[in-house]
């Protein structure tokens, strides 16, 4: 038995049978991180108190704690460095927050801890989640465990790579335009972006508030569903969370998808796909057909405007969200020999100019420009109007189908450094994932094949708002019927 | 077209100190990006209400109850410079 | 001082006010930090008010209610869906790099308030009233500045008048009226010195007859109504001087220095301001139902001017008394309750304006802490009207009620202070006194009428001051006149 390959349920079984203690399990993962992560660079910070936390969990277990009351009892996890963790450095992948130690836990983290999960550490990412390759991190790029010359994807690259390399039982990422789904696809893991408003954003460093959602990255669909149950639900600290009851998604998982209407988007041109991606996508369609699903073509004519709308809105919000990093209350401050002689503009300019990387600066400037007087109507406001139209088209589509199936991106993981020099090409990678955030829909990536070059390939599933169960069921069915189920990268 | 001068102006408004070399680079990149983004002007959005929050979410307001969970000490702890429990910044008069 | 500085010089002043009323909630606008004025440095803070990464605002229900209440009292329309926007600018006291405010869709709009002027009533239009959060406080120490975020996030309602005032007095009157209303509603304590009500004044001047508005100058943070008047008067003169000397008015923000009685330029680089307002994605639009607004409308108290008019009409009070008694809601409530009890509004008004206010002033108490309850005061006045006690006795009883609060009837009974108004009883005593002072009676009758006082004194002494003086006088006059030999 190889512990790192077990599902959450299987791990909990051996924990409760006392075949292994939470302490030993945590130590096991810490050893793996120490041994394997230097080549992958998925962790920015390892939690020095992880073993202490594990001890406390062991005490709980010895006092008879059950998974009925603690759904993630004893499970070691990694958290993207966008989520505040009390007493543990939270950098957002930026120099700006190199030494920032939050005095509070984000709601997601506190809910996971309350359910018995153990924090192994904080995961690498693109700076402030701005990027699709985790190469904009101040702490160095994340390498893909399947091929160390390739990117892990982004922005939640560390979160995806850590699950793939089995450096955590599961991880949490954030997704603003595909930042969970795309790295999950690149690293061969399951990644879920919940409906906007399902999961509290309280305590998560904001990139684009109307698009950001946190979600799980896991080894399998069942684990992902279980984690989602733990983190979802209304939070009185975030008034944009829905008050709807969450559902027991993992318990309700059902691979019987007979009669389910699966939509394929006409405008997603398959001729632009890499052959391997096209092949895996075609296989997934065939599989769903065989399982009794009804395949339909639907139309989202405004798809081509998704990327402009996304970047205009996300950058506008980011320019405002990142204004708080000014060197006054926390974070980086430029060094001045004589504070009394510094002009405020200089103080801000130098602090922010030093603290932010180039991609972040680009987006702040783009956003500032879009919101500035004279440009607001043509950019921010226009984009927000087109956003509604895009959302309306999805609503229309979901009248005739239950779930949309598509590739996650056009290609598998690309080489490190290959696209970083050209921001626009990098932006264009996100075409399939981005409109999902614009419409606030749930979306997920599930592995379904492996390229000739040995890189994993996933497919994306999207449903109407708050229909996570349907999405997870289809993913569950695909997972069961995948030819490459159980494939793992060779990391040593 | 976003020229270098415009970049400098936006950078100032964004409180980012940008070198001339970088301004040049940003000017090229942002011009290219905006040129592409401007395609959205083709979409007819007459009388379409802008969308901010993408899904239907019920209103939620707090009750007016005080809950002082944090100490001044905790709030000042990450400050680059402080004096007592106050944040210290350059003179702003 | 001339009522209208400007018109004497051939100019018309155009004045508008922005009043920031700090809403009297227990907790802040978007988080549960306390709003107390007295607190240690940065003690009333949390991740939200310090703008820590990841923190999010959540609207305070009470702040919405107070805003709607104020809007309705100021005659405003209430927007069914209003929106919080971000006003983006950098300043150390602004913890998030933006202030949450309302921009194009404020909660209250299109209102107006009646003010009293020398020439009767005038309606000052209110363009809008919007919710926003306060910033922190900077203390300048020369070589550096220190920031305290205790005030950051306290809810404010910014009430923006139309540019429809033309003199300093009018503007100050308007400010006083708004001040009185927010205090009446209990939504703001109106303490100008502590900054819980702040006024920014916009002033411009133009030649009489010219339609185009002059360049406006903003005067910020004036902390008394008197200073509003002074600042505006100075500013009007200054602007006319500038124009008369052939120069132009610069659009700028100025501050008023009460010591020098002058306004001076803040010298800020305002040309670069571009606030980049956009809807705050962290907050949903504020939806208000018809029913919600109606319920608040129903709960509105009668406003000072209306109440004053009613006091004049139905209680027969003179205008000045009515205005004084309605200056504060608690005082007006006190008056009404006491007057209902006494059945004599005029006497009640007099008692309050003399005895009650005098004692309150002397002890530094507010009407809410008045030891004499309005019901007790009303009872006391009723007793006077019933002839049970004299006015003099009433003052003694009032003093007793002040130091040992209780029912005046109890005091009257306990001290045997009931006035003797029984005619036959008094007649007996009068007869007795006259009999004992035969020579004085004779002197009186021979023309020494001054002796009347002597007889009254003797009767009062006999009755320990309890005899009803009116009846005593009446009987005494009759007896002394009715002489038959």
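So that you can tell them apart, the chains are marked A, B and C in the order they are listed, and the count of residues begins at 1 in each.
The rule we apply is simple: contacts are C-beta pairs under 8 Å (C-beta built on N, C-alpha and C of every residue); 3 or more make two chains touch, one makes a residue touch a chain.
Since the structure is predicted, the reported quantities are computational estimates derived from the model, not experimental observations.
K.L.:
Taking all protein C-alpha atoms shown, work out their mean, then name the chain whose own C-alpha mean is nearest to it.
P.N.:
Closest chain centre to the overall C-alpha centroid: B.
K.L.:
By number of C-beta pairs in contact, which two chains lead?
P.N.:
A-B
K.L.:
Suppose each chain is reduced to the average of its Cα coordinates; what separation in Å results between chain A and chain C?
P.N.:
The mean C-alpha positions of chain A and chain C differ by 57 Å.
K.L.:
With chain centres taken as the means of their Cα atoms, state the distance from chain A to chain B in Å.
P.N.:
Once rounded, the distance between the two centres reads 22 Å.
K.L.:
Measuring centre to centre with CA averages, how many angstrom lie between chain B and chain C?
P.N.:
Each chain reduced to its C-alpha mean, chain B and chain C end up 42 Å apart.
K.L.:
Two or more other chains in contact with one residue: find those residues in chain C.
P.N.:
47, 50, 58-59, 90, 92, 142-144, 147, 274, 276, 281, 284
K.L.:
Send over the residues of chain A in touch with two or more other chains.
P.N.:
As it turns out, chain A has residues touching two or more other chains at 100, 103-104, 210, 236, 239-240, 319, 323, 326, 328-330, 339-340, 344, 348, 368, 372.
K.L.:
Could you list which residues of chain B touch at least two other chains?
P.N.:
12-13, 15, 50, 52-53, 57, 59-62, 70, 75, 87-92 - these are the residues of chain B that touch more than one other chain.
K.L.:
For chain C, which residues count as touching chain B in their complex?
P.N.:
Touch residues, chain C against chain B: 25-27, 32-35, 40-47, 50, 58-64, 90-92, 138-149, 272, 274, 276, 279, 281, 284, 286-287.
K.L.:
Can you name the residues of chain B that touch chain A in the complex?
P.N.:
2, 6-7, 10-18, 22, 26, 29-30, 32-34, 36-41, 43, 45, 48-62, 70, 74-75, 77-81, 87-92
K.L.:
For the complex, which residues does chain A have touching chain B?
P.N.:
Going by the criterion above, the answer is residues 99-101, 103-104, 195-197, 210-211, 234, 236, 239-243, 302, 304-305, 307-309, 311-312, 319, 323, 326-333, 336, 339-340, 342-350, 352-354, 356, 358, 361-362, 364-366, 368-369, 372, 378-379, 381-389, 391, 423-424, 427, 437-440, 465-466.
K.L.:
In the complex of these two chains, what residues of chain C are touching chain A?
P.N.:
Those residues of chain C that touch chain A are 47, 50-59, 86, 88, 90, 92, 95-98, 142-144, 147, 274, 276-278, 281-284.
K.L.:
Over in the complex, which chain A residues touch chain C? Could you list them?
P.N.:
Those residues of chain A that touch chain C are 83-84, 90, 92, 97, 100, 102-104, 106, 201-206, 208-210, 236-240, 316-317, 319-320, 322-326, 328-330, 339-340, 344, 348, 368, 371-373, 376, 380.
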